[in-house]
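All chains are identified by letter, namely A, B and C, in their written order; residue positions are counted from 1 within each chain.
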């Protein structure tokens, strides 16, 4: 198993960052050409998802939709005021797993991998692990 | 690792298709009796989930609930008009992983595996990978 | 592969139960010090998620937010009246996967693993599988 911890810097409160190339680089560095790569976000107000990375309006609309789905509610008690971001993190999820074949990610034509910031801007981490087999 | 790409045809705009048997067939074909099977949807307006496959009203209600959760918003900009479907895809997620023991899927009594179409009808693909160990 | 089935008892209709220690115990019992652990919930109105386990208001707010996101809708037809719970199960997801390094879970500082009950109280099961590599 090859494990790489990558620093990710976000610049907005809510942001979708295309990290597909970071994952491709880690897979190349691992030397593993057949297996799987897991992306893990070790944070509770961030996430990782796979979605279209062609039209920049897609990530923009996803963030807008998530604000509609998980708004700030007056009944929340958590003192940091970011319960809506914790909920987005659990809705989207903190990990993804993609197949590796012939050294390449087995993604669909329109799929890219996105780091999801819901309580930024911040310095974040991403754990990329590549497994043979 | 055994990898099989399966064609899935959907017939409605929103649809939950029970694909449990397709996964069972692929596991049998793989010859792997102990390990794990991953389901991966290489699309950005579809998904895969595990939920009840006894009462047909459950998938019907899930689709209805998701329309309530991620409706079409007038503020969306993505030109294809399917941003609400992209959001459903990220909420439900494009992969699932199930244990294989003694050649069988280790699912709960009421669990089935569902291909989720959110922007159909279309010809879709499902990638099934079975890993030993 | 080491597989352990754990009984989980919930005490409320909606509840987030911190199961991080159960996962740590299973990893120790497996004797596997490097690899991955998968948590799988074999139910259709429950789930598993990773989120903050420091402030008890976070799980309380997550449950409140999920009730807002997936309320009981009058249009639901499923006779058991728990379609909103089935939807929460698919939104959060029935599995999580965490890396194991030097015998420890590779979680972030604030991350814990939560069993999510959306239709309790009930006797539930959790399947913990640990894989080397």
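Note that contacts are C-beta pairs under 8 Å (C-beta built on N, C-alpha and C of every residue); 3 or more make two chains touch, one makes a residue touch a chain.
All values reported here derive from a predicted model rather than from experimental measurement.
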item	value
Fitting subunit B to subunit C on CA atoms, where both chains share a sequence, rotation angle to nearest 5 degrees	120
Numbering shared by both copies at the subunit B-subunit A contact, with half separating same from different	different
Length of the line joining the C-alpha centres of subunit A and subunit B, rounded to whole Å	20
Residues within subunit C bordering two or more other chains	69, 91, 93, 97, 133
Contacting residues of subunit B [partner subunit A, same complex]	1, 3, 38, 40-44, 69-70, 73, 75-80, 83-84, 86-87, 89-91, 93-95, 97, 125, 127, 129, 131-133
In the complex, subunit C residues that touch subunit A	34-36, 49-52, 55, 57-58, 60-62, 64-66, 68-69, 91-93, 96-99, 101, 106-111, 133
